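Heads up, there are several structures right after this.
Two complexes come next, and they have one chain in common, chain A, joined by chain B in the first and chain C in the second.
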Partner chain A sequence: MTNQTAVLDEVMELESPLAHSEPAILSGPPGARGAELPAWFRDQQRTAWATFESLPFPNRKDQPWRFSSVDALDLSRYVPGPRLNETERTKILDHSIALDAVAGRLIFADEQLLRRDPLPEPLLKRGVLLMPLERALLEHEDLFRRHFMAQPATLGSAKFAALHQAWVTSGTFVYVPRGVEVELPIEIFHWLHGENAAVFPHILLIADELSKVTVIEHFRSAHRERAGFACGVNDLVVGQGAKVNYICAQNWNDKVLSIQMNATTVSREASGLSLNVHLGGAYSRFESLSRLTGEGARSDLLAVAVTDGTQEFDARTLQDHISPHTTSDLLYKNALTDRARNTFGGLIRVEPHAHFTDAYQTVRNLLLSDDAEANSMPGLEILADNVKCSHGATSGQINEEEMFYLLARGIPLPVAKQLLVSGFLNEVVDRLDHPAITDLVHGLIEDKFQHRPRE
Partner chain B sequence: MNKLSITNLRVSIADQEIIRGLSLAVPKGEIHAIMGPNGSGKSTLAKVLTGHPDYKITAGEVLMDGENILALAPDERARKGLFLAFQYPSEIPGVTIANFLRAAVQARLPEGEELEATDYYAKLYEKMDLLEMDRSFTSRSVNEGFSGGEKKRNEILQLAMLQPKYAVLDETDSGLDIDALKVVAHGVNSLRGPNLGVILITHYQRLLDYIIPDHVHVMVQGRIVRSGGKELALELEEKGYESYETVKDEIGEPAMA
Partner chain C sequence: MVKEVSPLEIERNVGNFAYPETHTHDAGVGLTEKTIHYISDIKDDPDWVREFRLNAYKTFMSKPMPTHWASKDLEAIVFDNIRYYLSGGTQPKRNWEDVPDDVKRTFERLGIPEQERKFLAGVEAQFDSEAVYSNIKKAVGEQGVIFVGSAEGLKNHPEIFRKWFGKVIPTGDNKFSALNSAVFSGGSFIYVPPGVKVKHPLQAYFRINAENFGQFERTLIICDEGSELTYMEGCTAPKFNTATLHSAVVELVAMKGAKLQYITVQNWSANVFNLVTKRGIAHEDAEVKWIDCNIGSRLTMKYPGVIMKGRRARGEVLSIALAGDGQHQDTGAKMVHAADETTSNIISKSISIGKGRATYRGLVHIPKHLKNCKNNTECDALLINSTSRTDTYPAITVRGTGNSVQHEASVSQVSAEQIFYMQQRGLTEAQAMSLSVNGFVNDLVRQFPMEYSVELKRLIELEMEGSVG
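Right after this comes the complex of A and B.
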């Protein structure tokens, strides 16, 4: 039901297609692969590639990359994954169900669409769209072009956003028309499969006025030992009075380099909630831009990260209050073991005239070992009056009295530790009002502990 | 053999001796009340028995059914059948009572055996009914935002669920109004029987109107200075602990500054 990443290891040693001829991603944008795409899109790709090449590589001296292990960003080894054979496809599909009840499901592996479980007839009739990007840019060109990568990546990863745009071909387009509520979640899987494979997961979600939708994206590795690179974008456009929940369940193996860029735009009286669960990756960076563009807009930015070994999780956020009477609430909680590192750099910006803003930013790090390292850089930039803002970042250890209470009940130390860590993270996870997904996330976190060697 | 036996126990914290040669034997099936003024070391005794890491045992032994438990880690002692109802139970944010108790019950099962969820919940609800606790309690975080009475009820719920051989109830009456006190006492009385030995630590006689002890001990300056039947509690209520001042002098310098 939950994380079955490890399972594939045993079954996938059939034939390793080591010899393939794809050139490295750094040798240039895709040629033949993009042949069937419209000219305007290919032009954008070429421009993006030029931008990628012109922008400098991140440097720790740049504030957006302060404390980041920029050496981890060497992209020279990554290549487009080879075509999957039937056996491989079947095995991956067997592991691509996380929620029992969904409105629709898309499953990608190494940029290849393996399966699409379409929306039910009533939703299709009401105009809800769930389709791969390459279909959307042909069939819904105006809508697509208006919103596709409309927000520039300003939190450090402009170079990677350009790389993404130069390469992206597969991904998801979701459109929910005015007044339509999609009750069940939409589930999307992105798998890394080939050795050193590069993927560019993309989702563009547009929720029109008074609509409602929940999307969960799973990021998983088919093999425990294979390195890979994921450079993804998730853009959420929340129309007036609409409500969007977006859950990112990042569970790559610990060899993967992952960069994810998010832009969320929340209109008047609308609400956007994103929950990012970061469990995998060697180096995983997440940039989140939340723009509150209409009065009464609300954005909840939630994240939990559980890192161990030498894993590094690097989060950069901007809560941008553009209109008055807007609310944003960021709550990030990280549990770090071994030599894991976490960095948080976040800014609340209240633009001129965005009076009566409520903005909160809270980061809590739970350090479970002496060698774990957490760096937090919260920030405020207030250019309006009558605002209520707070920000705070703390790091601490497990409370000894809480631990003793559990031990005194006969709960063994490793279990007690796991309970306390889960409890610490639950404050975030339980903010999501969706029991099935909450259970799923709890299960993923639990699995992460199960796979740790026992102390 | 069938007793919790403390012999000549000496305990200090930060070089200050708090328990100074305490001996006490509680056979299974009996309830022993320990009464004493503030600072006499009652709560220290409770924590030491459970294995709290802050205290240093300098002499003596504690045998549970003949086994020396001082060498065991706190969780091992608990699994072998020792229970402490805390005076100030910790709040555990984000961990529900259901999950917390399930982990504790699971820890008592043999290796490889999985807890049967339906049996577990049936038992949990039965015990909660006994303590007049609403079902919604199970989904609340352990002790978080609980009133004093709710916290103490939750301690007794755990006692009922974990079925220890010996239980130490540390000031279980503190912070309870009369109605809550009756409920808690009812819970303890219902668990009373030949398979449970209880040390009931209290400052006031009040609780002993509802949980009638088999024996009462007076603890002053880290020792048991007098033992008697349940009537001793009434005497203490009437006369207070002042009459033991002389005892204090005999012992020497006060244990607590």
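Right after this comes the complex of A and C.
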């Protein structure tokens, strides 16, 4: 597999190999790097490091890691990335535009903030905040502390959540005040650059009552062949009546090990929608916790994954209905080829007293080769009544009649195949009501097909 | 059958008897190697069976409890307090007066004959069905069918049963299959010769005696090429038992073209842990079908499975679970596809009443390079009260392009409109509710033999009483 996001290969060929002075991430919590952070934050980091060390390594026999290739999670080689030089910065910045019209933009590479395109004046005046984490925890300490990693990671990755907290030194903080609607999306880039670099992407988004905001995060590699490790957290807090769209476009190169943990809290009459597009990574795990805490809350969990080669994608989700009269709808679609592996472990949990819940969960796997493997564990735990819950999981292949129809009209096999797969995936992507982003995602998926070495 | 052992021999084997003179066949409390030897002595096991038991005992001791995925309620089992072998005179004696009223009432409503009631309630250790059993045995015996107890099967027909004994479910499959392998007694061993179609269902019920209703039954059924058999285990009546742990192992083998159907109706009393391993192998063109109905027990963990080993083999599980107050029915199915063109079907319906909890746990496995395998899974759960709970935990693995799998589950409750409609027409709320619930399971219940389906319907009505309002 090739990866179009790899932008620095030609530059790097001219340079000598990087000397790594940084100790591996497993050798201890960051020392000098976090020196400018406040004491309370550094205390939390030390506690998190102790937690990381005390928790056991994932085991396939544990239900949250069933079917997962836990051996891929060897972290010993990863180090904090080195500082980027001017050429590298320029090159990366040149490639850090995906949407033409955005409200604001942050660009990170190896945990370093390369650039910040600030919000337009009217939004700033109304109190919208878009700033690096390290500034938010100084300037908006109360708000930050109330929400920062407030939801424990319960879907298996508690150890990696602790590692993230111990190491995170940068990231994005978004706050949208009551009643403010941010029309254009906020765009964030996370680049992996150094050899065996480790990054800890973080976003904390707080949408106050009746506000509206859309955020897209891009995860990309600057080099095709460099291994890396990404251990990210994205926490979305959706206030009463607010509406938040979050899009993750994960397109690491196929050497990267990636773990992403999400927690979304949706309050009364609010709506949270997340679309996770997973295309890259050697092993990529995604955990998503959706908590519906107020009546009328709605959560849409969407994901598409296209895996090939020996890629593995592992998704774990929990739709947690805490309040009555809430709705959640999950739709995950995966297209697998070559020797790719895919695991889905999802649970709808309707807590006691959360009556009148509507919850749905649908997983569809499209197997395109004989060695592709799909594992599905769609689960339900219902502790209330008057609920409407259903889940469905299917695994199948391309419909022969549809294929025949296209071939009969002179469309070559690879194109026909791609058309059918795109059609299959688009049902998910098109649920997002945002044409510019939908186009972008279609483009990313198409790129992945275009650059498959075989066929 | 059990061989009488002289008191002398017993004293040599087990020294710590409390009442050796009255409890002639009692292995004492707790499980040690001595217990195993004791059981083997009583059963007059061949050496290889004794060896098998001893190895299983070691496996059992070394395996942890499966509490990392299963209910924590398992921790309530105290293995040291359990009697692993009871027979004859050691069955607990009880007076009819001691039998709880609700159990008596259930017998009444189900129309169980007087004689059977006493046996089922544990008042009488032996249910006199010897005549019926020997008639059946004679009738099928003429066709060459072997229908015997586990010990007898292993001793007298090793050439038939040894080949498959412990092969479908290896000792180390799980902690409780290991326990069963160590201390098994009772159960049925059946062999159906090639081409023989056994017309009437064979029922364990007609073979019952103290041992058959024991805690650690072992059943092995082999249907040779082209043969057909339906086997029924249990009965709808509640079984009142003081033993708190029941752990059976049931192995089915359907050779080429054979059809084997196994029907269980489980209605243990509400203090019983019912931890059962059931699995069948279906060879080419063979079909194994489990019909499984769980009504009783405190915690049932049972996932009947089919390994489809030959081309065009078929596996099916139909499951009904009813979980009332204090009950957890953790049931489901396992379908392992191991050959091309194999098909499997799982239909599970559960009803949770009061504080009951019904769980579906399933596994569907289609490994690589198989072609045209199909699985269909449907799980429907019905919640009656606001405190009821239901869970679904399927795990599905599919490889390759030639196979298709679909899983669907839904959770619902009895619709208020339906109830209203029926009340309008003069039914009480409880009657309406029970009619609705019967409607929910009706398409599955119809697949049971007539007498079972009639009793099941009555039983559901009974369980539903008092759940409304």
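By definition in this document, the second predicted complex is superposed on the first by the 443 of 455 C-alpha atoms of A that agree within 3 Å, B and C clash if a C-alpha of one lies under 4 Å from a C-alpha of the other, contacts with A are read in each partner's own complex, and residues count from 1 in each chain.
Throughout what follows, a residue touches a chain if its C-beta (ideal position, glycine included) is under 8 Å from a C-beta of that chain, and two chains touch if they have at least 3 such contacts.
Please read all numbers here as calculations on a predicted model, not as lab measurements.
Trainee: Aligned on chain A, chain B and chain C: do they clash or fit?
Mentor: Superposition result for chain B and chain C: fit.
Trainee: Considering only touches as defined above, state whether A:N85 meets chain B (first), chain C (second), both or neither.
Mentor: A:N85 contacts neither chain B nor chain C.
Trainee: With both complexes overlaid on chain A, does A:H391 touch chain B (first), chain C (second), both or neither?
Mentor: second
Trainee: For A:E381, decide between first (touching chain B), second (touching chain C), both and neither.
Mentor: second
Trainee: When the two structures are overlaid on chain A, which partner does A:Q450 contact: first (chain B), second (chain C), both, or neither?
Mentor: The answer is neither, since A:Q450 touches no partner chain.
Trainee: Touching A:T47, do we find chain B (first), chain C (second), both, or neither?
Mentor: neither
Trainee: Using the superposed model, determine the angle chain B, chain A, chain C defined by their C-alpha centres, to the nearest 10 degrees.
Mentor: So the angle at the centre of chain A is 80 degrees.
Trainee: More chain A residues touched by chain B or by chain C?
Mentor: In the superposed model, C touches more residues of chain A.
Trainee: If you've got the overlay open, could you tell me the nearest Cα approach between chain B and chain C in whole angstrom?
Mentor: Result, nearest C-alpha distance in the overlay: 16 Å.
Trainee: Can you list the residues of chain A that touch chain B in one structure and chain C in the other?
Mentor: Overlap of chain B and chain C footprints on chain A: empty.
Trainee: Which stretch or stretches of chain B touch chain A in the complex?
Mentor: My answer: residues 50-53, 73-76, 78-79, 84, 86, 89-95, 99-100, 103-104, 107-108, 141, 158, 162.
Trainee: Can you list the residues on chain A that touch chain B in the complex?
Mentor: Checking each residue of chain A against chain B gives 399-402, 404-413, 415-416, 419-420, 422-427, 430.
Trainee: Which chain A residues qualify as touching chain C in the complex?
Mentor: Those residues of chain A that touch chain C are 61-63, 66-67, 352-353, 355, 365, 367-397.
Trainee: Enumerate the contact residues on chain C facing chain A in the complex.
Mentor: Counting only chain C, the residues touching chain A are 68-69, 368-369, 381, 383-413.
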